[in-house]
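As written, the chain order gives the labels A, B, C, D, E and F, with residue 1 at the start of each chain.
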């Protein structure tokens, strides 16, 4: 599938190729995954997305692995199959164990279930939960 | 709002009241929040939900605060306003700092953005991301 | 709230008023709910929506109450608070008992939970489930 | 695809295999579908999900076929392709006719459409729809 | 995949075939895409959907290309892969350039991101944004 | 509601206040809406979001009004009530007429409906729609 062609290094223009190469350097791998190759049709959007991703996912008050698990949880809730696959791989590469993966899934399932119940019941927000 | 009345202790039947009291005991507070009071119309569903929640959210391979942040992330993606309020409060009570809250929001925003881009581009899953 | 004003009978044009009156006649009530009053800014869209709703929700191979419960389930999954309230009321008016409401909520919660797990696991469709 | 390997009977541990065999016994078929084989990496989550599913989907105030149609409706709204396939098959096996399937789809489409209109208009909930 | 068989001209009944032929005539192509062939199991739903689509997508106060871009944006947000592919093709056939496609994607990504932030923050609607 | 307090100019730190003032200057109004006041707890996220918004929404290959309508369509599909209100106001301020608003809503409703039908039918993507 794909609504645009995935661009090879040869097909990408100079600006997109520079971002591909930055991805390679920062991730210490020669592999550039399909998302970036699809996004390369718009080199400015490619660069803005990659730059922002690095800032957001850098170690900070939260560990990189926790950030990847949150990313994965959002991707599941949004039903993005590609993202679920890529961020499961990323979370594992940052140390997520099988036990942690299982607990993550259980939390996601629990939240999905109570989100639906709350919406079905139209529950008003408790005064004490408001800032 | 609410599609059902929130049941007071007096209105809840014996089975629902037992769950209210278990919530009070486990959480060491007298306060029972609106979600449980709405769910009390179906005492079996109330109990099953509360029991499962305790199992899933207990400390394990993941810390309780991380679990709350994942819960919150899913609730945001599912657009559940009540859940966003209650789990922001819960994450804070389990230690989430303002800096961590900010980073959590930035990750959720980043994921929402790339989820949309991936879907718009119909990106096929890379072979290496499949198990 | 509302992004447009809710039109009273006096403010609605002749075409929208004719639909208001058709709603009154078919539902045997003088009350026209907020959705139709908001939609009245575009009389053609108002009429097309009302006409289609009657066709779709009429008794057929499925009972009206079952149709309302399905409508409610979709509205919950889509996070439409207004719709959840209006279709809970409609399902009750068509005979949904408290026990049926409870079971409906339990099914919605179950589906929400397994939908999330399936998506998180990226489960491929079994051959036998394809037509 | 799949983010984890689908476990065969041989690869599943004793606890997961016991659940596989319970699925076989209750469903009177030797076939264990992909969802359970993916979930088997976390035997406790597998068992909790299967146990809860049986409770929720058992005949009660609502017929099993109606429950399957509601399950399907939620799965459509959540965009879970696997779930849509498996629960369409399940609804058919519980008696859903082609005419009922058509009406179900028409209701889902109608709800999706009015959910969007209501959200776009920001319609406030009518007093009379609140409990 | 597909939960129903895609009907060929030979398999479609007279009523569905008449709609197939109307699609061919209006679109000036012999090709009838998969959506209509799947929907043909319910000829009335097929016809109602096709008729409504023509009314809605006709040139009016908005240009057809703008309508297709909006259709695509909604399809992305709803995670409908098929729809994303078919409406990207449709938007291109109505004149969407690569630069416009890129800007469309950037807006969709931006909206997805701020939608999530707003929901996570539970921001109350400003008085001045209400009608 | 709100999960954080909306910061006044006095409460916002120097960095957040600088962004508030940039918003005022660029929009030529003294009014800073609630979204920015909630986001001000994380001045870096506030600035990154505002900066990116300006880049994305600037006139380019698409007109500002069209961009606002796309933004609104995504916000509706994501069920973000606040965003629906703020971007309806923004689209109107950029010239959206009542007739255009009506057509926009009709397209959003149509897409929501066919998105659901396509998902329910599990329609495979036509070869010709792939890049």
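To be clear about the criterion, a residue touches a chain if its C-beta (ideal position, glycine included) is under 8 Å from a C-beta of that chain, and two chains touch if they have at least 3 such contacts.
What you see is a predicted model, and the numbers here were worked out from it, not measured in a lab.
Common neighbours of chain E and chain F (chains touching each): A, B, C, D. Counting the residue numbers used at the interface between chain A and chain E, under half appear in both copies, so the two copies meet with largely different residues. The mean-CA centres of chain C and chain F are about 26 angstrom from one another, to the nearest whole unit. Distance between chain A and chain B, defined via averaged C-alpha coordinates, is recorded as 21 Å. In chain C, 1-4, 45, 49, 52, 74, 76-81, 84-85, 88-89, 102, 105-106, 108-117, 119-122, 125, 129-130 are the positions where the chain touches two or more neighbouring chains simultaneously. Residues 1-4, 6, 31, 33-35, 38-39, 45, 49, 52-53, 56-57, 60-62, 66-67, 69-71, 73-78, 80-83, 85-89, 97, 99-100, 102-104, 106-126, 128-130 of chain C are the ones touching chain D in the complex. Looking at the complex, you find that chain F touches chain A at residues 1-5, 48, 52, 55, 125, 129-131.
Looking at the complex, you find that chain B touches chain E at residues 72, 76-77, 79, 81, 84-85, 88, 105, 108-117, 119-122.
Of all residues in chain B, only 1, 3-4, 41-42, 44-45, 49, 74, 78-80, 125, 130 touch chain C in the complex they form. Chain A makes touch with chain D in their complex at residues 79, 81, 84-85, 88-89, 98, 101-102, 105-106, 109, 116, 122.
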